Amino acid sequence: MARGRLTPLGWALLVIGAAIMLAPLVWTLLLSLKNNAALVGHSEAALHGPYTLENYAAIFGNSLTTRWLLNSIIVSLGTTAGVLVITSLAGYGFARLDFPFRRTLFVIVLLGLAVPSQAVILPQHQLFAWLHLHNSYPGLMLPGLVAPFGVFFMTTYMRGIPIELDEAAMLDGASRWTIFWRVILPLTIPAQSTLAVFTFLGSWNDYWWPLISATRSDMYTLTVGLAAAQMNYAQTSGLGYLMAQAVFASIPIFIVYIVFQKQIVRAMAGTNVR
Amino acid sequence: MRPIAAALAALLALGSCARSDDKTHIYLQRFFGECGAEYGGSIDVSKAEGECGIITTLVDRFNAENPDVHVDVNVIAWPGYPQLTAQMAARDPPDLVTMHEGVISDYASKGLVEPVDSYLRAAGISPADFTDAARQGVTMYGHVYGLPWDTHGGLFHVNTALFAKAGLMRGGKPVLPNTWDELFAQARQFEQRTGKPYLIQSNVGDTAYAARNLYTYMMARGAVIFPDPKHIRLNTPIGVEVATYFRRINAEKLGTQNMDTPAAIAAFVNGEGGIYPTGTWMIGSFEAEAETPGRPLYKSYAVFPYPRLWGEHVEYVSGHSWVVPARKRTAQQRAAIARFFKFMAAHNYDWARTGHIPAFKAVLKDPRFKALPHRDDIAPLAEIGRPLPSYVLRQNAIEGIVGEEAVAAFTGQKTIPQALASAERRVDVLLAQVD
Amino acid sequence: MASLELKGVRKAFGSTPVLDDVSLTLESREFIAFLGPSGSGKSTLLRIIAGLETADAGEVWLEGRRIDRLPPGDRGVAMVFQHYALYPHMSVRENMAFGLKNARVSKDEIERRIADAAAVLEIDPLLERKPGQLSGGQRQRVAIGRALVKEPKLFLLDEPLSNLDAALRLRTRVELAQLKQRVDAAVIMVTHDQAEAMTLADRVIVMNDRRIQQVGPPMEIYTRPANTFVAQFVGSPAMTLSPASLVQGEGEFAALTLGDGTLVETRVPRTSLPAGELRIGLRPEAVRVARSGAKAKVELVERLGERTLIYARLADGQPITAEDSGNSRVRIGDEVSLKIEGASAHVFDAEGAGYHRAES
Amino acid sequence: MSGTRDWRGLLFVAPFVLLYGLILVFPLLRGLWLSLNQVDLFGAGHFVGAANYARLARDPIFAASLMNTFEVTLMIVPVLTVLALALALALNRATKGAAIFRGIFFSSAVLSVTIVTLIWRFVLAPDAGLLGDLWTALGWTPLPFLSDAHLALPALALTTVWWSMGFPMLLFLAGLQQVPEDMYEAAALDNASRWTTLWRITVPALRRTIVLVVMLQTAAQLQMFGQSQLLTAGGPSGASRTAVLFLFETAFAQWQLGYASAAAEVLFLIILAVTVTQYWATGRATAQGK
């Protein structure tokens, strides 16, 4: 693994780099623990003196931040679950079954990889308007459910599973569905976790689509809610409160990260698809 | 896999539970900021300060006084038109929206907002009750398209303590320039005596600031900014002259450079500059500072309309109003909206405490309004205020473009003719799209 | 009643034919070996019987029931895959129970069958383990167990020993032999290892070039190869084939002279031989190093312990393989004389058809 | 699988294909159609053919936003790739310390764009920012990152590099696991210096991952939106307006849906072209490298 000792210069650079990574996070935390008035014009006050949790109390008091957090969780979990279900089914179809137009369909799916969301987001907005899907959880989830990368990734992974297992299962009298459900799917858990990590973070950090689809504040996801709060900041100089909202919004995802760090790293390793 | 599918089903069910109570819900969308933390629970309007505080308590009070109706508030980032447009495109607009009078025609011309005559009649309000400026702002195509809420425009908020130090006080009133030369002379004198910038400017992220300055001092010389509904004229000798003066202000460092609105507010409140030219909406908050002992502005705050520096004494003003987007509504919702109009009309005085000029004549004559600090100093705004011609559409988008190019001209990021010509071209192209 | 019947089975992948009009009948409880080089179509035939491939033409019957239309699960067939194909995420018990669950067999019946199979294959302690935790041999036995519990009418083994190391291979051969006794079903084993086929099978079906070359008990395949392919494929090292000409004469048996003039008096009836060119087939044990005989120059010496194989060239350049005792002193380059035992010679005609000594 | 050509296979891919058709293919075609119309968000409009594209070609604001997008991408991608590779090399060891450092450098990747811009707004703001306070404490005048035309794009780049460090680092770490151990032992036997080992063994072995990182990051940064809208609102005076922000403003602030759709198509082609050329260029390089 390691190629010789890291030089002292190497260690110094690492520590400085780590400081640069952590400084903004610590600064935000300190600001969030200060009383708003004290910060007006004197943000350096955050480096010392009385700290208070009043901003956090205010969040739980009557702000919508908790609602935005719930929305984000529902949308991200829903999208992730949906993507796992849909891409596993499609992956099994493309990897294992032969049906008319299979090759052409798969090529069309691959083309989907090259389409950036900007190319479709405006017409999508119009489509969802006709379908009255805006400001709804399905409306926020559906665009994320279309995951060509997910299908490509699942198909490639499933093709790696030895075909004899399917054949053995057929000989064991298993139907196509049982083979998928009891044999192939359990063997794709590593790929599922990789895809789950990508999809969850992608959905959690999505900003463009919720911005134009969730236009009612009780339907905002965290990203849109904090954007509104950030822009509203110009009219209410509650710097401490604003920072508290940022910290409050990042705690859950940090917890998820710390708990699932091993899986995320292993998931990343999984992406090195040949 | 099975647990994930079950979780998905549960989440969907949980999320989509509609609010089922017997109240009539009307959906109000507004800017003015989100301050639930400070004013969340209270309905005592008199104790609230500033636009955000007053509007939040007003709506909460309306909900308290009308148990059978509930106003759901959606606070959006100023000015909120991209969101409103997205909602209207999605055929799911709110029931009530705060809108600048200049922008109403955009939506009215496409039938996206309803005439409010029926609501006004139900609320017992007649257009005659509005001030001239307010009525002119909301009347178009033969109908009234909104309940006017205020008239607002730029003001010179003055730190009289620093002005005294700079020897620019006479008879208890700050000396304001009447010509551009006086402005530069007084500014230099101010900075020599106090060592602080004469002007605090929010020229970052606040396109309204630069647009307001350009419009006001072009109108003062009688310049016709919009010769017809499809064209704007800025790159004219008058336009160039105005921009040159503001360029000089920045070049000679007579004004702060890199401040956005919160930074400018903080600077003025901490007494780090002579004059902060911002809007009527800040009078309430600055007055509160001026009445708190120990604060730099304590007993040293005055406010006046933009001074006349040349030509006629006029100023670009706008006005906020409540409009009703077009959609199918139940009779109870219509009645609730009418009741909301009645309630807000009755509380226009409270809103005037922010510093805005009230939209109702009655409030202008109300002794309580007159007794409010500085109101006599800013009263002229009601006469000298001029909105842009009502035939001009997309005023908000235009203000964004004009402001962006004006700041570039004022700060020297672009040459003045280049910036003004670019503004003209971009606005003309935008207006050409309006069919 | 016949166990398995194949009628005119034909198969091609795209334009390349793989099986050419294969027909075959197996007796019940018979152990058959499909023997042939890779690419001979033996695995494809097995997969067609199992239903993992569909034949282009022909029929497959099992105990009087036509099965080539049925899905693999309903054919009453069990298969042990070359790489075992155990479900890695299931324990050994679950692996064995999976097929029975799909066939809706009752719970306790499943338990009983697993217990029996585990006892037979001595894999009781392994039942709760995952395949990943087992050795090659153990996995092999679990794979067999999975087939056993289904009590199939036909057992298919796809190169069962090819994955094992030499020592394990011998021990597993013994187990497969015992399996033959214990299972009340026909068994088909596909292999390219002729020793495996010879020791285990009741009958061997030698396949090559998309066609069955010969069907018969192991000894017949060895002693009376139907053609040159079977002759050289079975037996190691391969039989020497060298051109020879028939000596005119009236004797009952044919006598042939090799290229270098050596006379070989065979036991093959003269009358059975056709005209035209002939080749004589000699297994190494039929050619011994002796004091006199055909002269040959030694090119390679292979000492195998109990015997030594001598690879040499006759005077006319024809290669010949001879045998010598274990402690033979022959070295590369020596000139040896080879005594040919005509009685065990075989004769092949131009098309490769084999003629052998009369039935003893 | 055996040639069971039957329709049941379609059942498995049907959910995905239906969604894909409705939510990706239809809008893609619809977007193309919209770009040929002068239409506002509320549906009224008429066909204008290539007028939108012609106008785009002459629109200096669109050109400026494209230049900004390329500039910021060029600032980010190389720096990010080198830093992430260096970090992966330094932290590719099993010690506890390395694990902690890996955690730190990945931590920002879990945050969403709004939180990152919120945090960095109060790091970069000259008056209320961390850097501002630091500079004033050291007696220098704070740099107006968010309001100076020359500093706005670097501010976006700095924020994005800080934010996007995590994933490329992990991709390189994953790539390093695939480098066969014996190559290093061989290099050690030839007493290759640390530097030559890096250039002759590690980097060539990671070529495929480098291509992956560069391509993914380029495509991502070409579509930058959140940072530009929230940190600098495309300011000052459009100096940091990215192409996607131009798209948003044109559609939702100026209601020009047709014109915005045309811009979207142009952006789509640019991203496609850049990604394909990158893949082709490095593909050929890897081929020669064999």
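All chains are identified by letter, namely A, B, C and D, in their written order; residue positions are counted from 1 within each chain.
Going forward, a residue touches a chain if its C-beta (ideal position, glycine included) is under 8 Å from a C-beta of that chain, and two chains touch if they have at least 3 such contacts.
Bear in mind that the values here come from a model prediction, so they are computed numbers and not experimental data.
Q: Determine, using the mean of C-alpha atoms as each chain's centre, which chain is farthest from subunit A.
A: Following the centroid criterion, the farthest chain would be C.
Q: Where the centre of all protein Cα atoms falls, which chain's Cα centre is nearest to that point?
A: Answer by centroid distance: A.
Q: What is the distance, in whole Å, between the centres of subunit B and subunit D, each centre taken as the mean of its C-alpha atoms?
A: About 37 Å separates the centre of subunit B from that of subunit D.
Q: Compute the distance, rounded to whole Å, between the mean C-alpha positions of subunit C and subunit D.
A: Each chain reduced to its C-alpha mean, subunit C and subunit D end up 61 Å apart.
Q: For subunit A and subunit D, let me know how many angstrom lie between their CA-based centres, rounded off.
A: Roughly 16 Å separates the two chain centres.
Q: By residue number and range, which residues of subunit A touch two or more other chains?
A: 41, 85, 126, 212, 227, 230-231, 239
Q: Check each residue of subunit D and list the ones that touch at least two other chains.
A: 3, 41, 127-128, 248, 252
Q: Residue numbers in subunit C touching 2 or more other chains?
A: Counting only residues that touch two or more other chains, subunit C contributes 52.
Q: Taking the touch rule as given, give the residues of subunit A at its contact with subunit C in the complex, in rising order.
A: Touching subunit C: residues 162, 164-165, 167-175, 178, 182-183, 186-187 of subunit A.
Q: In the complex formed with subunit A, which residues of subunit B make contact?
A: Residue list for subunit B touching subunit A: 1, 4-5, 7-8, 11-12, 14-16, 27, 31-38, 40-41, 50-52, 72-78, 82-84, 86-87, 89-92, 205-206, 260-262, 265-267, 269-270.
Q: Enumerate the contact residues on subunit B facing subunit D in the complex.
A: Subunit B reaches subunit D through residues 81-82, 85-86, 88-89, 110, 112, 203-205, 257-260, 262-263, 266-267, 394, 396-397, 400, 404-405, 407-408, 411, 413-414, 419, 422, 426, 429-430, 433, 435.
Q: What does subunit D use to touch subunit B in their complex?
A: 38, 40-42, 44-46, 55, 59-61, 125-128, 144, 146-149, 232-233, 235-239, 248-249, 252-256, 259
Q: Under the definition above, what is the set of subunit C residues touching subunit A in their complex?
A: These residues of subunit C touch subunit A: 50-52, 71-74, 77-79, 81-83, 85-89, 98-99, 102-103, 146, 150.
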